[in-house]
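Let me begin by presenting the structure, written as structure tokens, before commenting on it.
Per-chain residue numbering starts at 1, and chain names A, B, C, D and E are given in the order in which the chains are listed.
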Amino acid sequence: SSSEPAQPTDALAGSDQESLDKYTTEDTTPIEEIDTDELDLITDGTLRVGTLSDAPPNIFLEDGVFTGYDNELLRAVGDKLGLEVEFASTDFSALLAQVQNKQFDVGSSSISTTEARRENVGFTNGYDFGYMAVVTKDGSSVSGFDSLSESTRIGVVQGTVQDDYVTNTLGLEPVRFPDYNTVFANVKNGQVDAWVAPSQQATGQVKEGDGTTIAETIINTENFTAYAANSDNQPLIDALNAGLDAVIADGTWTELTQEWYPDRELPSDWKPGSKAVDVK
Amino acid sequence: MDAFEQLGKTFFDWEAMVAVLPDLLTVGLPNTLLLALASGIIGTIAGMILAIMGISRNRVLRWIARIYTDIFRGLPAVVIILLIGLGLGPVLREITGSTSPYPLGILALSLIASAYIGEIFRSGIQSVEKGQLEASRALGFSYGSSMQLVVVPQGVRRVLPALVNQFISLIKESSLIYFIGLVASERELFRVGNDAASNTGNLSPLIAAGVFYLCLTIPLTHLVNFIDTRLRVGRKQKPEPDDPAAMIPTSGGVRA
Amino acid sequence: MKTIESGTLTGKGLHLSFGTNRVLRGIDLHVERGTTASVIGPSGSGKSTLLRVLNRLIEPDQGDILLDGRSVLKDNPDELRRRIGMVFQQFNLFPHKTVLDNVSLALRKLRRMSAEEAREKALAQLDLVGLRHKADARPGNLSGGQQQRVAIARALAMDPEVMFFDEATSALDPELVKGVLALMADLASAGMTMVVVTHEMGFSRNVSDTVTFMDGGVVVESGPPASIFDDPQTPRLRSFLSDVL
Amino acid sequence: MDAFEQLGKTFFDWEAMVAVLPDLLTVGLPNTLLLALASGIIGTIAGMILAIMGISRNRVLRWIARIYTDIFRGLPAVVIILLIGLGLGPVLREITGSTSPYPLGILALSLIASAYIGEIFRSGIQSVEKGQLEASRALGFSYGSSMQLVVVPQGVRRVLPALVNQFISLIKESSLIYFIGLVASERELFRVGNDAASNTGNLSPLIAAGVFYLCLTIPLTHLVNFIDTRLRVGRKQKPEPDDPAAMIPTSGGVRA
Amino acid sequence: MKTIESGTLTGKGLHLSFGTNRVLRGIDLHVERGTTASVIGPSGSGKSTLLRVLNRLIEPDQGDILLDGRSVLKDNPDELRRRIGMVFQQFNLFPHKTVLDNVSLALRKLRRMSAEEAREKALAQLDLVGLRHKADARPGNLSGGQQQRVAIARALAMDPEVMFFDEATSALDPELVKGVLALMADLASAGMTMVVVTHEMGFSRNVSDTVTFMDGGVVVESGPPASIFDDPQTPRLRSFLSDVL
């Protein structure tokens, strides 16, 4: 994608939902009007969700159960719709194609909703935005986002919001890794100078005495994250949007967000769900 | 913490290893074995058919075998797994109603394995002395019967080591089926180790999974060497008291 | 050895090329019922190829093959080969089968005998070559001479009308040669029709009824042993005999 | 859009393929070749040393070779790549100041390849007839000189097909070095295709990468078959007018 | 062939076991300078092993080996082998090298001759066996007889004091045997000390000065050809001769 690189210092530049987010729906079908028999699901009554097993805290597997913020929120949405939610893990590079080809009904993986992806798969309204941290080694010269430059080796996980942010928003070239554990291990042994991480992931990984620090955390609302669904299955997208609005309206979204991201504040210029719903 | 200690903790954290053990044992190991065995068996059968096509006197059959082999050996395994998973997934679901990734994963692994195994069998069969086919045909057996009764059984025996090596590859390649999508209980060794590593930010669980692989592959490697030596040296010859010539060492015996 | 009922074999004007290599260039060979024809000649002269053409392991480019006066070129070649036994230089026993199975395989699969019947017949045949006690051994555990005797038993088990031997003793240790040659001589005197490609001039002279000398894909001289060995007509045969005698 | 059409778009979207072509050609292809060639060469040298250790008369050397081989063939490649990348990365950086993943990736691939190539060489060398060593020693050459001048050169020639096959594996395995972390210009074929697939949700770029692999692997496979046939059939013999025996077909000639 | 300076070889009480298989059980052999000793015996009797022990390709378990009266067991075995040439049944030419390189390799590497010097000497040696024109051929393109003659040239190039032949003609087509035997007879008459393991009884009787009959790892009889072939003393030798003559 060709979005104009912003000034590195101005991390929030352009994160204006009005102009950038032309895809967010005005409102949604009332949840009572959703007929779950019309959703063309793989198995009637069950949402089959493709996710990843190795990207905490958004999406991961714990004690044999798929969990994480994104998946717990999706479970809540499923509850509202009266649908079972069943998860299976895959590789991110395959996930969207698998959703579009109906191997999964929904893709849940903090998927950043870029233009390029929208050409191949459908998305719901946004439920989250970029909230990221710079993790460095103790005593590193990198002190925050504004000290990232051409000469910094910045680690990211390939295909994530952070990858998108560093590449397209900051206009820098990151070192891409397949998963969080490899990138974090590379920070620890100094192979990369900084890791642009999901903020909560950073908080979870960085431990007292392991020689790493969270240098700065920032919010980026460009290209919000959303669930993916088959682009031709409008009834399903409508139903998911309705469910999402419902969990936002009744406070579940806020509750979950506070549970998973305790220190994060909701930015004033962004909100989840359709334009009509009020965050409770 | 110095770099070396850091490395030790990243790779050799006992607690992290012990924590992942139960999952490796009860989930990863059986699944890895199931995948490798099932696709090993199907791949062997399909490979045998491919080998027979590959040495057939019918040019069309030979070409089909050639192209199949080139494609399935030449493409990265992931591409094949994705093609099969996405291409046949819906078909399979339509027919059986099952959403399990295993049938598709096994199919994809079998297709890949069959291309390699086909080549192994073909070279084994072609290494059987021409005199064996000739002797069988001279008895009055047709070409087909001669292949089936005389040539193929000998060719197959010779390539046992290569077959076991192929099975070792399958054990390691089976981890790729996670590209098709696995529920928690369907994960094999590598995925179990990898997920645990993700959750803890420590790579020790991967090492633990690696040790499981070694426990599977090393005995097999030694089995290969054993079979190989035995095939090379030949069955130990019994001395024949009534015939001094029976004491000729194998290497000096008549070999076509 | 009891007398064996056997047939007359004739090859007429046989030609064969491998690509541009003209290996047989018009071979005539007539073997009367119950007689032994030996074929001699230098390496590469086409002796083995001639045998293979005569039992249609290789189809001739030209010429005819007659068994008991009837052309067999239109028959099913597998059927023809059941009527002609063949013994090779390298024995070519099936190493993955026991001696008994080597002999009984064709009986069971081609003659469709029951396992018991085939076993009986195979054992009787092994008895004939003095190796009944090796029935359960693998060929690899036998000496060369024993292997060759098993190979002869295997061919005889199918009750062939003609037997071909292609340098049956060339791969044997010297002290094992005699046993196999003796067995072949027994067969000849029992009335088997035989074509014997050999480098054993003693056998050729003493056992065979006719000797054919081939060189470069043609029959150079042919006749009774006495005239071939004692009165060679061509320089080629003379030079060959001086090399091998 | 029906399922079939959708599948076509997912895998065979020409525009998506064309879009990724420049990257595949200018970034992926050279990098894949660099990785495979460099680790192929180093792996061959190290494999030769391993093979010589493996057949050495010194029990300790044999054991070292055995253990090395078991570990590097038995562990999944990813585990080895991670161990090398993370374990030796800081050391290398200290010495050279370089943070490029290539030296480490090539080292890891070379270590894996050397274990396989070592076994290939070993079996090739052991397949050389004992008479060759005996003849050389009978001339007065020492064991070492005999191996170096007579046995090893013949053994190596015989295993050329297996070596080329190993090189094909390397081409495909080179994609795993992305576990060490790659900047955009360091990506090899698979990663270029994979990134494009991740960024668009369309798998056609992966298929395009697959076609590049086929273009590399299929000619090599046919080279293998060619070498193999040539080794089996032997050099075409010239007829020797002055010596009729020279016309014996190879299969009938004396071969120990 | 010009007269060759050559040595006396003696084996005394040689014993050798492979595991529990006692292959040589006290062998004495004396070969006077310039004479030819032939060794005959059934397959497996230990003939090849004896040759290998005499040039220390295998170290004896017990016994002594003397060259010109001096024990060589303390010498460097590689040095000893340069003094003894050896020719094998399977020729064992180096297939990856040309005929010339086969002959000149040891000259260059062991005698440290210059490439030019080694080439000259090798060509002269090839001339002797009549194969100078094949210098640039690969062994695989030669007939068996030619290969064996190259193998002899290779051994002779090192100016050995003794030559060993281990069934040098057993793998040859019959019409090629004579040429190689003639070459060996020439060598013998030129004064080379030779130990010849052979199944060619004609050569043994006509060319060799002494004949040693081995069986089961011991020397059963030994003496001049006339007494061995015409007046065998032991039943074992008599039965062996009746098999191979």
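In the analysis below, a contact is a pair of C-beta atoms (placed from the backbone, for glycine too) under 8 Å apart; a residue touches a chain by one contact, two chains touch by 3 or more.
Because the structure is a prediction, the values reported are computed rather than measured.
The chains that touch chain A as well as chain D are B. Look at the CA centroids: the one farthest from the centroid of chain C belongs to A. Chain D and chain E have Cα centroids lying 44 Å from one another.
Chain centres here are Cα means. That of chain B falls 49 Å from that of chain E. Taken residue by residue, chain A touches two or more other chains at 94, 97, 101-102, 182, 185, 189-190, whereas all remaining positions touch fewer. In chain B, the residues touching two or more other chains are 3, 7, 10, 82, 86, 90, 203, 244-245, 248, 256.
Of all residues in chain C, those touching 2 or more other chains are 42-43, 173, 175-176, listed in ascending order. Contact residues on chain D toward chain A in their complex (touch as defined above): 1, 3, 6-7, 9-10, 82, 85-86, 89-90, 93, 99, 101, 178-185, 187, 194-195, 197-203, 206. Residues 92-97, 99-102, 114, 116-117, 119-121, 153, 155, 158-159, 173-178, 182-183, 185-186, 189-192, 228, 232 of chain A are the ones touching chain D in the complex.
Contact residues of chain D toward chain E in the complex are 129, 131-132, 134-142, 145, 149-150, 153-154, 157, 234-235, 237-238, 240, 243, 245-246, 248, 250, 253-254, 256. Residues of chain C that touch chain B in their complex: 52, 55, 57, 78-79, 81-82, 84-86, 88, 90-96, 105-106, 109-110, 138, 140-147, 151, 154-155, 158, 171-173, 175-176. Residues of chain B touching chain D in their complex: 3, 7, 10-11, 69-71, 73-79, 82-83, 86-87, 90, 123, 126, 130, 168, 172, 175, 190, 203, 206-207, 209-210, 213-214, 216-218, 221, 228, 232, 251, 256.
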